[in-house]
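Shown below is the structure under consideration.
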């Protein structure tokens, strides 16, 4: 699964599918690239080892930090739609995105962050969740080549 | 095929591919989730059995009812672009979305609505086209696992 | 791979994956449909053999001509974000989209333009890069059916 998008609704769909497959004991690999990387960021500001350029800092500020900061791709309505969906989810016992991510990790879903995207957007390894793997496009292609199905989200 | 999107252009692409594959006698399953569900809604208002909460009513009003109400993901221009594309489609003998859906059903394409999304958005079974199947993520995963190719649209 | 999108970032992801797979000697076919077609357009205005209708001319003007004219799906900010990403890419030695397309072709990636989309949007064969293939949905389905993995981008 390639996770390109940084939209809350697409990530929910992605993790629900990943967790569903993992629950059926199918091995799942999620490869996070471009905006998808933001879903793996830690919430608070992180002190990075290699100092960021001004541009990298700007990208870092403008992009959402972690799953709680993501928004709907549609009907966001200045955040109102996103809040409404989150309330409905908790009321109807649908797991929120941070819990879905934790469950995925507990179920052994592999989360790989695309190093080229990280380099491009100036995201350092220490800014992402601990225990994430890192890889280039080759790692996605190898994993896709041995998978029964692939999705681009 | 996961149909996540509720954009007219993406649904056209999805159904054209589904119908193309079905015409070549390949079995096709389309799993509708999130905004994709709206493509399966009946046009008029429907009297539902379980009364809706205020929030569910709001979602229902704001989201498009059925294939004719969907819009382009790009160049919609307040509906003008969508109207232009529809005129061009009919002039150039490209099937409109409602006919594509009917053809898909006639060709035996399975249409499954995601029950979790329906629950979340407060969409009741009686609001969707008759004869649609209902299922959770497990039904998608099983079908993906036995498919030669999967798409996330 | 179905390339539906005409967003710069999605096309970068698509071509990076395609080139990665081709470098690992896997055969790759990219099927361009709807907005994706714009990535294959030549840059300048092209004299077409069959004159265009007014509507077709309008579509042609409004849609981007070729890979250099594409924009980010997010954080475009009136073109500023797109320019920033392009500068970062060249600074960090990430190939720009036109070079990625050339590399793909040099590596034998098949690029097929969807004839139905071209017809709908009034794009003529002479407006697209030389040496592109043309095909309908059947050509995608056949190629998907014999592929190990498919993506919808």
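Labels for the chains are A, B and C, by order of writing; each one numbers its residues from 1.
Convention: a residue touches a chain if its C-beta (ideal position, glycine included) is under 8 Å from a C-beta of that chain, and two chains touch if they have at least 3 such contacts.
Computed from a predicted model, the values in this text were never measured in an experiment.
Visitor: Same or different for chain B and chain C, where same means more than half of the interface numbers show up on both copies?
Guide: Copies use mostly different positions to touch.
Visitor: Fit chain A to chain C on CA atoms, both being copies of the same sequence, and give the resulting rotation angle in degrees, nearest 5.
Guide: 120
Visitor: When the centre of a chain is set as the mean of its C-alpha atoms, what distance in Å lies between chain B and chain C?
Guide: Chain centres of chain B and chain C, defined by C-alpha means, are spaced 26 Å apart.
Visitor: If a residue has to touch 2 or more other chains to count, which residues of chain B qualify?
Guide: 149-152
Visitor: Taking the touch rule as given, give the residues of chain B at its contact with chain A in the complex, in rising order.
Guide: By the definition above, chain B touches chain A via 2, 4, 6, 33-35, 55, 58-59, 62-63, 116, 119-122, 136-138, 140-142, 144-145, 147, 149-152.
Visitor: Give every residue of chain B touching chain C within the complex, in rising order.
Guide: Going by the criterion above, the answer is residues 9-10, 12-13, 16-17, 19-21, 23-24, 26, 74-75, 84-85, 87-89, 92, 94, 148-153.
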